[in-house]
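What follows is chain A paired twice: with chain B in the first complex and chain C in the second.
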Partner chain A sequence: MTTVEIFVGIFEGFRVTATVTALGLLYAVPFALVFGVAQYLTKGMARLAITAVIEFWRSSAVIILLFVFYYVLPVIDIQLPAITVAAMVLGLNAGGYGSQAVRAGLQSLDRGQFEAAAALGLPRRHILALIELPQALTRMAPTFINQLIQLIKGTALVSLVTLTDMTFRAKEIAESEYNPVGVYTSLLLAYFVICYPVTVFGRWVEQRIGGRKGLTNEF
Partner chain B sequence: MNFDFAFAATTLPTILGVIGTTISVALLSCAGASILGFSFEIARRAGSLPAYLMRFTIDFIRSTPVLAWLYFLYFVLPHWGFTLPALVVGILGLSIYFSGYLAEVFKAGIDAIPKGQAEAAKALGLNRIDVVSFVLAPQMLRNVAAPVGNHFVSILKATPYLAAIAVPEMLGSALDIASNTYRYAEPLTVVGIVFLVLALTIAQGVRLLERKLHGPTNR
Partner chain C sequence: MNSDGQPMRQTAPWPVEISQHHSAHPPDRTVAVEAAALNKWFGSFHALKDINLAVPQGSRIVICGPSGSGKSTLIRCANGLETFQGGTIRIGGAELTGDEKQLQKIRRTVGMVFQQFNLFPHLTVMANCTLALRRVLGKSRSEAVGIAVHYLERVRIPEQAHKYPAQLSGGQQQRVAIARALCMNPRIMLFDEPTSSLDPEMVKEVLDVMIDLAADGMTMLCVTHEMGFAREAADQVVFMDQGRIVETASPATFFAAPSQERTRLFLNKMLR
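So, the complex of A and B:
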């Protein structure tokens, strides 16, 4: 196999990588929005409970969460396909980080935004949906893009629960072909060609919204 | 098959037995990533060609999954004649992967120091090395301490990836117990809880450090 053939072979796993990313987003985006807003709006016990759920998903090691859910769910009689478990775990982990960006974005807004809207007589839900969220989400866009990259890279994990993504394909090819340099360089390149455009796009967005930095320590 | 709490308790000592490996790997990887990241950042400031090369290197690292780096080093280094223990390969892999993020931390840490600091030091007759080591570096350390701490937590949460290249850390030992006893749910749940507690504790420590360094009196 030439290096090009190896690269193409690895890309046969792209469909799974893309599917897990897309399904993961279906969990991540709603979780980030709902829990981020809820953490922003609530106080006391309710806030504590919401924070606990976020921290569970955010502070656990995602690889361990994947193994735990993959092996523990069947024990309590919940049979799910590996791809569903993987998308849920990766998505909710990313959603946990995302929720913190949503909350931080909402908190960073000038108090006057809320006060002016309230003075105009807008109901709370309209203030949130029409005044606060659009500004907060724009402000945090670079952070969300960084988290999307983390999610894409995180899908490499699904190779450990037998899904044939790009990483799994690389290991398959490595078994039939002794060419570690070719195989694993191609694997790095395969992720690079997917994530690098997203990185460049993220930088462009960051410049467009006035050079505001994303939260680089959150990923 | 039910969840056996008594069995779960018996796995705890074995898993906690290797917590030292997990923490040492995280500390050494954090040191390695800091040294590499700082070198990237210093190199990036050495002219426009190095700046371009370093930015590309950092982007490349940030666009590729940690698992791909671990496989790359684990299979390619022996091919090139460097046969290292899996533990060392793991530390090397985490160091490279996180250096891309730490370079950005050091960038922000250096950029946050007001320009007048270096100018004033030069005006007082300090030479270049003294300016860097006595004026800039101490202030940079204060700026980067909390973000590096946050990355340390991320590195800690990435150590279970080393199970994929057969390093005996906590996830690896849990998977060993699982394959010996055919009971996956219990050891994995235990390792999940241990990791969550460890990560939350260290994250809390970082938060205290952050408050101490950037409290109201220091602003």
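So, the complex of A and C:
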């Protein structure tokens, strides 16, 4: 096999890598927003419960979570498709990190922003949606791009729960061709080809935000 | 809107819901803000000690005093930005209960201007002014814009409406903040050291706007070190020290013949 053939062979797994990333985002983004905001707004027991959920997803090893949800749950008759397990585990792990970015972004805002909005008689939910979140999310955009790159790279682990992603294809080819050097070098390159454009996009977003302070003249 | 396209300059009545909280005492609508036996602690620090203060509708009261005297804390209690542990505060006759819904209703009638302006940096000047008109009072876009333009003209910066706060000078930002509060057509305006973070050459433009407001009969409660403003616009000066009201007097008496030694000491330092 030529290097090009190896590369094409690896990219046969691209569809799975892309699918897990996209589905993972569907878990990650809502989780990060909902739990980040909830942790910011709540106190006492409620906050403790929310923090516990976040920490479960954030502080567990992704590979172990994959094994638990794919191989252990069937013991109690819960059989989830591999792609669901992969997207959920990777997505919620990334979402756990993302939620901390959301919370930190909200906490970093000047207290005066909340006070000025409250002094105008705005209800709490409007203050959050119109004043706090737009400013916090702007600050958090670079972190979110980082999380997205982490998520893409993290999908390499799904090859361990039977999914034919790029890493799985590479292992297959490496075994049949006895060419680990060529294959795994190509695999490295394959992830770089996907992640680098995202990095460039992230830099563009950052500059755009840094370039102009304001975001909207509407709401 | 009246015939020449300007919003009516009519002061809204106190919301009925606010006054209904007090069936035992009929609400006194002629007093905009009234603090009675007000006490506040920050932890073990006794920040406000038995404060009694009435701000009659139409009056202009200046609170001054050394830093840490509790004057900002007092004014922040008057729209519920600070909680307090003893005593009562009545806004337009209604006692503050700490109920979130009641507080929202009351805050619509109480405008506040902060030392740090606190404009919303992600919104244009126009959006800063129209936000609460649309979201709190439910005005249409065109109606809200009409009101905002009126008050931006009043603070003399209608031409900055499309800009973002960061593009304005400190004095301009503070005038936008005043316009933003005025848009809600408040019954009283609270000023918390509105000129303290301004460069000296910008203080006058803000004070001029405030003096205009006072001349128009706006009820004002103002924490400030600007003794010139107190002399010109206030009908009462309140001097605070260490969480207490030391002295309350008309500006003429306050500056010429204060009754308390502590006030004289303060004035000597302030007026040099």
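In the analysis below, the second predicted complex is superposed on the first by the 210 of 219 C-alpha atoms of A that agree within 3 Å, B and C clash if a C-alpha of one lies under 4 Å from a C-alpha of the other, contacts with A are read in each partner's own complex, and residues count from 1 in each chain.
The working rule: a contact is a pair of C-beta atoms (placed from the backbone, for glycine too) under 8 Å apart; a residue touches a chain by one contact, two chains touch by 3 or more.
These numbers come from a predicted model, not from an experiment.
By the touch criterion defined above, A:Tyr191 reaches chain B but does not reach chain C.
Of the two partner chains, chain C is the only one that A:His126 touches; chain B does not reach it.
More chain A residues lie in contact with B than with the other chain of the pair chain B and chain C. Shared-chain residue A:Ala118: touches chain C; no touch with chain B. When the two complexes are overlaid on their common chain A, residue A:Gly44 makes contact with neither chain B nor chain C.
Look at A:Pro134: by the touch rule set out above, it reaches chain C but stays clear of chain B. Shared-chain residue A:Asp110: touches chain C; no touch with chain B.
In the superposition on chain A, A:Ile149 makes contact with chain B only, while chain C stays out of contact range.
Legend: residue contacts after superposition of the two complexes on their common chain; A:Pro81 is shown touching neither chain B nor chain C. Within chain A, the residues touching chain B in one complex and chain C in the other are 213, 216-219. On the chain B side of its complex with chain A, the touching residues are 1-3, 59-60, 62-69, 71-72, 75-76, 78-80, 101, 104-105, 108, 146-147, 150-151, 154, 156-161, 163-164, 171, 175, 178, 184-185, 188-189, 191-192, 195-196, 199-200, 203. Per the touch definition, chain C reaches chain A in the complex via residues 79, 81, 100, 104-108, 110-112, 114, 116, 118-124, 126-127, 131-132, 134-136, 162, 164-167, 177, 180-181, 184. Those residues of chain A lying in contact with chain C across their complex are 110, 112-113, 115-124, 126, 130-131, 134-135, 138, 212-219. Those residues of chain A that touch chain B in the shared complex are 55-56, 59-65, 67-68, 71-72, 74-76, 149, 153-157, 159-160, 167, 170-171, 174, 180-181, 183-185, 187-188, 191-192, 194-196, 199, 213, 216-219.
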